[in-house]
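So that you can tell them apart, the chains are marked A, B and C in the order they are listed, and the count of residues begins at 1 in each.
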């Protein structure tokens, strides 16, 4: 697939010119995120996250398996994400493109390596039965910044999921009559991506749109939770930034994390209030 | 008018019948020919029922001759330029197809420049060809390189609406601030105004009115403009 | 898994006898290998990485060339015997692809690609031995290899890894420390002090991150001194070899060239 043509000269010049005046093409402030819209599906653990026109679906499923012998006390979590050409014609189906590798690795780091879910709580019978959680992420449309959208969808899906409560009765286990349990999570990370541009007088913008991402000189992603703990910082190359600038971006992300945390909690409560869980 | 789906028969009968986009004449096994719709949309016809067509919306452009389009230069091959107009194939533009261009004096385009051109040849078996002057007068008439400004992508129906002089959007915006636009029938609109925030306002209005993404009416746009900072 | 070995003991010594901010011994070898235009083997303690640079040369696929710049192509191969246990990692392994993508985007703004339009610069990285600090070794080796290939660079790029144990920042982590601690890798361009790459995995408090970040930027300058020394030594060897070839009037040119390389503070 030949690479898509880079944006035209008037588009480039107009974008840089308006960013110099702190104007963004969709009318946002430079440090304003698109408000995420979270839609929950009928199943627990199915959530669609839309930020502007960027849409991602995440789903969590759980099943019981035998744990590997070297870790008999911990559950397993696998993340499966594929960017199909449906999201954007830039993603090939055969070889993973660079952006796909970045997104898959970042999701892995944010959701798995930073210990979001308490794996020891997933153990039912040590050495024999543990929960294997499978998080699947489908990217439906890419209008810039698919990474943040995918991370948010994944985290909210994990918070939304309820696993059946099982009791060990002798050697058998039955799903009991109690309500399904939420997963025990250590923390809730959120990812924020900033784009910065070749002109050093233009300050970095948060949540870049498609055109801003293509014309940027580099991206910096910061994943952190509302308790001021950084999970992932990823500035992989791109134009060099001052040390102060890097720390300033981290500070901005800290503020945004608190806001996003409140929003997610409110949405989850609303959805949970609207559901009636059958207890047979 | 009436809504038709692909495959439905259309009662189009006239001595000099002309079929527009979305209609096809198929001959069935027993020799009769029938007019069949190939797209989903509104069935329209002219007053004397000689011209029939289907109004539908799409985002991908299929070149047709004599249409004005906005293209971006992607490469140079010898004397010609290869231009991306958003269709299945890249179009070719002769380096001399500009007003007043001679062998010694050719316009100097760069890769990435925007052009307003006219499709001179659009055959389904060949690559489309463009020209940057009017067919009869051989004068520029607004065709040529577009400098500055910004280009917005929209659906094809939106471009057709913008080209309709009775449509409300451009006169409404033009009354607020001076503005110049070039609308290509391939889903691209070039906008230029003095201030960046005016250009941003126009681009957001076009996206809001686009039948694909909102289709706001006049009252909605007036309210929307009130919220923007102009 | 409990760590039986202390990361930092009360006397301030780490498991391999280093102090808190001490870097491992760095060895840079720029002798030519095979037909590569530029080659470097860099060791940080026991971690050893070899980088071969080819280019700028004609691009293999015409469709991928850019009309005004060179295209960078980075391929990373981890040898199966490089880690503790023998493992064959395929080319399409995500970790390796991410490493390659990081190296590519780190050097894209530093290499003056606009001087070589429609060509391709190939960077082949081979990891010979792994003992922690893989990304830093790859970046340092690539910098030196590009300098040895004579490709126009805006500046060298120096990378350092670091971590935090409790409240103590540590620099240049070995594999043992990397497994237990949150680790940061920072790459800077020494002349301007600006940061080209920052990666952090696992959880770390914002303030701790600020401390280790500042320390790593300073350490980058130390690595830069080492790189300068190695590149200087190699360049003066080459200049001597060129001077020995020409006789007579060549001698004064050699004198002048040696003086120039001492005056130029790069």
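By definition in this document, contacts are C-beta pairs under 8 Å (C-beta built on N, C-alpha and C of every residue); 3 or more make two chains touch, one makes a residue touch a chain.
Not measured: the values here are computed from a predicted model.
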Result of counting contacting C-beta pairs for A-C and A-B, higher pair: A-C
Most central chain, Cα average position: A
Relative to chain B, chain with the most remote C-alpha centre: C
Interchain centroid distance [CA atoms averaged], chain B/chain C, Å: 52
For chain A paired with chain B, centre-to-centre distance based on mean C-alpha positions, whole Å: 38
Euclidean distance of C-alpha centroids - chain A vs chain C, Å: 31
Partner chain B, residues of chain A touching it in the complex: 5-14, 17-18, 21, 23-27
Residues on chain A engaged by chain C in the complex (per definition of touch): 2-3, 95-96, 98, 101-102, 104-105, 108-109, 113-115, 187, 217-218, 220, 224, 228-243, 246-247, 250-251, 254
Residue numbers on chain B that touch chain A, as the complex places them: 72, 74, 84, 110, 112-114, 146-151, 190, 196-197, 199-200, 203-204, 228
Chain C to chain A touching residues, read off their complex: 63-64, 92, 94-95, 97-98, 101-109, 184, 188-189, 192-206, 209-210, 213-214, 217
